[in-house]
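Order of writing sets the labels: A, B, C and D. Residues in every chain begin at 1.
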Amino acid sequence: MALATLALSSKYASSFAGDVRRLEGQSCMLEAPRVVTIRQGARNINRSVQIMNVASVPSTESGSNTKSYVRVGVLGASGYTGSEIVRLLALHPIFQVTLMTADRKAGQSLSSVFPHLLAQELPDLIAINDADFSKVDGVFCCLPHGTTQEIIAALPTNLKVVDLSADFRLRDVNEYEEWYHGPHRAPHLQKEAVYGLTELRRDKIQSARLVANPGCYPTSVQLPLVPLLENQLIEKDGIIIDAKSGVSGAGRSAKEANLYTEIAEGLHSYGVTNHRHVPEIEQGLTEAAGSKVTVSFTPHLIPMSRGMQSTIYVQMKSGITVDDLHWHLSDRYKNEEFVRILPKGAVPHTHHVRGSNYCFVSVFKDRIPGRAIILSVIDNLVKGASGQALQNFNLMVGVKEDCGLLQQPLFP
Amino acid sequence: MALATLALSSKYASSFAGDVRRLEGQSCMLEAPRVVTIRQGARNINRSVQIMNVASVPSTESGSNTKSYVRVGVLGASGYTGSEIVRLLALHPIFQVTLMTADRKAGQSLSSVFPHLLAQELPDLIAINDADFSKVDGVFCCLPHGTTQEIIAALPTNLKVVDLSADFRLRDVNEYEEWYHGPHRAPHLQKEAVYGLTELRRDKIQSARLVANPGCYPTSVQLPLVPLLENQLIEKDGIIIDAKSGVSGAGRSAKEANLYTEIAEGLHSYGVTNHRHVPEIEQGLTEAAGSKVTVSFTPHLIPMSRGMQSTIYVQMKSGITVDDLHWHLSDRYKNEEFVRILPKGAVPHTHHVRGSNYCFVSVFKDRIPGRAIILSVIDNLVKGASGQALQNFNLMVGVKEDCGLLQQPLFP
Amino acid sequence: MALATLALSSKYASSFAGDVRRLEGQSCMLEAPRVVTIRQGARNINRSVQIMNVASVPSTESGSNTKSYVRVGVLGASGYTGSEIVRLLALHPIFQVTLMTADRKAGQSLSSVFPHLLAQELPDLIAINDADFSKVDGVFCCLPHGTTQEIIAALPTNLKVVDLSADFRLRDVNEYEEWYHGPHRAPHLQKEAVYGLTELRRDKIQSARLVANPGCYPTSVQLPLVPLLENQLIEKDGIIIDAKSGVSGAGRSAKEANLYTEIAEGLHSYGVTNHRHVPEIEQGLTEAAGSKVTVSFTPHLIPMSRGMQSTIYVQMKSGITVDDLHWHLSDRYKNEEFVRILPKGAVPHTHHVRGSNYCFVSVFKDRIPGRAIILSVIDNLVKGASGQALQNFNLMVGVKEDCGLLQQPLFP
Amino acid sequence: MALATLALSSKYASSFAGDVRRLEGQSCMLEAPRVVTIRQGARNINRSVQIMNVASVPSTESGSNTKSYVRVGVLGASGYTGSEIVRLLALHPIFQVTLMTADRKAGQSLSSVFPHLLAQELPDLIAINDADFSKVDGVFCCLPHGTTQEIIAALPTNLKVVDLSADFRLRDVNEYEEWYHGPHRAPHLQKEAVYGLTELRRDKIQSARLVANPGCYPTSVQLPLVPLLENQLIEKDGIIIDAKSGVSGAGRSAKEANLYTEIAEGLHSYGVTNHRHVPEIEQGLTEAAGSKVTVSFTPHLIPMSRGMQSTIYVQMKSGITVDDLHWHLSDRYKNEEFVRILPKGAVPHTHHVRGSNYCFVSVFKDRIPGRAIILSVIDNLVKGASGQALQNFNLMVGVKEDCGLLQQPLFP
């Protein structure tokens, strides 16, 4: 018969005390895939898991002390994208953080750097040179661009890697070198890397070893525009993107320009015409359109920690209406958990997706005949970075794509 | 025996399609065991039967498609505490929202009122008079004080009820009438109601039918002070509480004083000496001290949506040191998931608990000899309201206390 | 001849005592010359007589204690534009508030409604029906659109009036009725009213009796675009305006959507394609271009109390470069105190003008060939409302245009 | 004699064009002290002034090109207190900034560092070693503590100096060395320095050459407490100060802890029991009480750029009531422009004083019998720093104390 007899043990029962309690707290969400044997020991839960043929996690682990889950490393855990990965993984049923690096914070606990993560049981931070990569099945690489290339090139090739830097996003090495002002040191990996815009590249991501996680702006822009360009619904010329971002996109490094006093209660444009996300956006739109696309892209820094909106002004193809755009996007994303096309007339707020992996999109008719306005909002640290990274990693490992990602937006 | 064999169906498998997928997305966290047998260890008795009885979940289970969960109603779902309950329940493995009321929004979807909850499958809002309470096993009552009494009095008595209003917090009806300026209309329920400060009243809550969920300030104050007073470590006289709260504590109703422009970039005291949380705080401290406690309590409105800190100035008993306070609190809460006594010298930030059910506490020696400073932070909407309500409801129904509550704080 | 004889009295002497001092404190900035004779140079005619005549300030007032100033009324003083007028007038050397109305607050002091203005000596608020307009030489009308028309129509015709509502901005009554959904009740005044975009209409404003003060968005847009259109430097088609505003633009009335909790840490578009400032913008641009201009205009609500940026995307005329735009704007505004064209490459922040009457503008070359990006920032309550109103009133009365307006921006 | 003959000329007239305009803009507020002769030249205003016996400004006045005003230097102009001095001086009728130093920004214009000050005509920033102090009559010293001592010791002794650092606030050099962890390098100046809490030390300040400008917290605390202690209205024991500050108090240097993302939407205590303002507060209260006062002082960092509140809990002397405190404070400050005792029951907001030199104070009866709660708010950068510095400088030079300081608070 189809039912399980389950000694739910700790899962929903309130029976455990002491040190066990904490780990079990997490196991409340922790359930197991295809075949699971859970044994309760003195202090730890042991879970044997057999999905791992997909995830290429060693399935051996026989015996009662078997530990079976996907062991995850976070390289560069002392920044906001790193901590965000760790936050999301706290509720992931299969993945467990077993390695974290942060060179300048080596030897410290993560909770000394990010006290909000104090409740989790985590390994201490170590220097990347001290990392034992045999301890992990995959890594999230949250390092700065430039340094990332050589580090990833030096990783064992059996690891699944999601890179959150810009280093492998641009297929054309020359373009990388132009925008990032230096030679690319791992061009062979650039060829291998799969661009991880999940909803639009799911098949390739599932079989990838190295995924280049998209930038936040490119995610918010491509999700609505790629389908419209692919289907010849909008002109490829004259696309104007006025984008607005929260401050966390600038990371946690100390800069005068990002002090509270410099940001609060004011806004300004930045990177006008030369923001580094431009070539990434144009690469995606060019591929969708089938010929070179040049966009107008102006980002703005907004006094909020998280959140991003791209307000996109497009010219529709002759004969195409806003209803056509709306219908087409709705159809394209109708089965997607994380991309939601709002009903006509509804305006997305960045609040509606804060802390979550969702992207809300709406389409409006412009006053200027033949033009449309597309509004697209995400949380820049989740769908724009760590959430999409986890979404990709889920796919790469073979677990359900939304695992660990269904936390709802935090409002207010 | 301790092991479960579980056919977890397709929960983490990535094969899915169409509308089914969305539901599954949620069921990743939600799926209830089709047949549940819970074995309890030393501290608690078997709760599996209790779940089924108390929550009156159809125990049919005939056939493999049976769904078994606890059906939850949210009365007053259009306010911030209501929406917060719904947000938290999205990840709860056992509870499902089957009824939501909001008189002025009756007929609307919750997502039209709170678009951030758009991704959940929820019933529409209805007027409370149209509610069919046979459809629910328990309710969270998020209605304004005053109206709450009669509504709860009229509910079927088999329902578990957690009331988030102030109506049943004060055991002394006269005190209620003095502070709330009107007669109490359900004094018999006031007798029945259990005050739901979870960590300090766990046993009574487990067997309660009606729980009066504590106020936010009283939660942040009592968690550290009650153990210290009970153990005669601090004087009951001269307790000074300087409290700071985010604006969401004031609810979602439109008031000039709570406009963005009136709040941002400024702070002020309010309710000086006459805030309605005073009698609740004094009630709890008086009981702990064994004789009447009168506190100085001054709340401040801070330009942030969520978060609360109570900075508490106390006189230690003769011979008692700050180390004694720290040791005692650490010991008292050493097995608690949600109350964390920080290492000496560490300062809690409201950021560290935002969006989560945690309370972080630290203790400092004051410059004035014999005095100590206690810092206590919570998220006023979670541990200060809806999170603690869910924690209580978990206990009342017999599931693990932290179910649905292990989402980590959102930072930045 | 050109000189005044002025008894400067004790203005800066530090010898003072008692109640006198306070009044003197203010008079440091406010004291009016007892007898004033002002001589004008080339550009303007003699205004000294005009001040006295037009403003009908009793010029006699025999004896050396005569006080001579312009008596000002503020209609609708309980809103943000009203209080902003009063704030600015505190430092005005010639104008003095002698009448303030606020129907719902009649009988109260202004400081009970706006405690930040407590230090000023001001008359109490009265109902507009109780106002004695013989007490004032001019009024700022800060009332809601719609009600404004009849009130202004009923004022004594010798009063100078600056109206901050939208009621007299649109020259075409039909357009008013279309956008404001009702008949216009004073079409004869609409004909008389001069549109008060100061730098572009100075001559007409100087001789006006009724000035329609521009909206905030239209001010930020027209200051850079009108000269460019008038001089055929940009195309009139395809002008895309992505505007961002602080929340004070929505006024002080209590609305759920403008609560702190709804605004902080998030942003969203609003009034997409149908914001009421559209016809005002198009009216000004159409006049400048010489033929009908239709713009794309999308405002965004930003979590800040004050500040406004219009990011404007334009197509340059063939052969025109960004340098041409920059040179032309710099030349056009080179003698203006309040409109500043930034050096090439400099990005204006709304911070740079907060609390002040300045408009900072910069021009950038777009990535799309032939296009330019214009950034224009103002404080929506000052240059976007009350500051420009005072600037206009100064002109109408014949005092120096920047009187009372040289307070520097407040940063941080 | 006491009167001036003044060619008011440009002051309120709209007659000037071109470069003149800007300087004249400022002269709108510019009026002259005891004896003034102002002559208008081609491009510049020349003002001859005779107050300068006090300020030791050369009283030449011979010839028509005489320039007479007080020449002010700002040392350390690239920080927030420096820029705030410059902002305030823009409207000062007598003082003119003729020297600004900022070592790391030497060679730049101030507007490149603080674009909000772009409209002012100012000298470029230079290194302090390049400063020609014969060009100034006085300086505001806005340098970090520690380095300040030697710099001030090396200044020409004819200069009036207001020091905004902590270096000369503590009369007891040993205490300085204990709290600032190093030897004091100018103990002779520490003896000379007058502590510049203006309202309480006016007489000494008027004749001082070197004023140690008080810290922000000490200002907010001492203004209400010193009169109460001096008059034996409150006990000197058990004074508990819970203080809250905006972030600008931390200055403009880049620190991770002060990033927008670390501050926004959260609060926390800091410097618990060991903030460096403690000895300054205790010094002032001890002197007032006549015997050693030890306070409990806990500051909190609030998500706002400006503003400070001290919530002060005191024990009243036997027989004293809150009405006594209120009456006494009201009487003590009844003639002060900048210290305002609010009516009973009124709550001061930091908003009410933002951007201004005001201090608002109110007094409440505590729930605990015999205790009172005092609320005191200031703008930490104005009355808490640069505004009070200017107030002191006005006194030292002999101009009216509130000159340049009557700008009203900016709200919202």
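The rule we apply is simple: a residue touches a chain if its C-beta (ideal position, glycine included) is under 8 Å from a C-beta of that chain, and two chains touch if they have at least 3 such contacts.
Predicted model, so just to flag it, every value in this text is computed and none were measured.
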Could you classify the chain B-chain C contact as same or different, where same means more than half of all interface residue numbers appear on both copies? same
C-D or A-D: which has the larger count of contacting C-beta pairs? C-D
Can you give the whole-Å distance between the Cα centres of chain A and chain C? 46
As a quick test, compute the distance in whole Å between the mean CA positions of chain A and chain D. 48
What is the distance, in whole Å, between the centres of chain C and chain D, each centre taken as the mean of its C-alpha atoms? 31
At least two other chains touched by the same residue of chain C: list those residues. 80, 248, 261-262, 264-265, 303-306, 348-349, 351, 354, 412
Using the touch rule from the top, collect the residues of chain A that touch chain D in their complex. 80, 247-248, 252-256, 258-265, 303-305
Residue positions on chain C within touch of chain D in the complex are 2-8, 11-14, 16-19, 21-22, 24-26, 28-29, 31, 33, 36, 38-44, 47, 80, 83, 87, 90-91, 93-94, 114-120, 248, 264-265, 305-306, 335, 337, 340, 346, 348-349, 351-356, 358, 360, 394-395, 398-404, 406-412
What residues of chain C sit close enough to touch chain A in their complex? 237-238, 240, 242, 244, 246, 261-262, 264-270, 272-273, 278, 294-298, 300, 302-307, 309, 311, 313, 347-351, 354, 364-369, 371, 373, 375, 377, 412
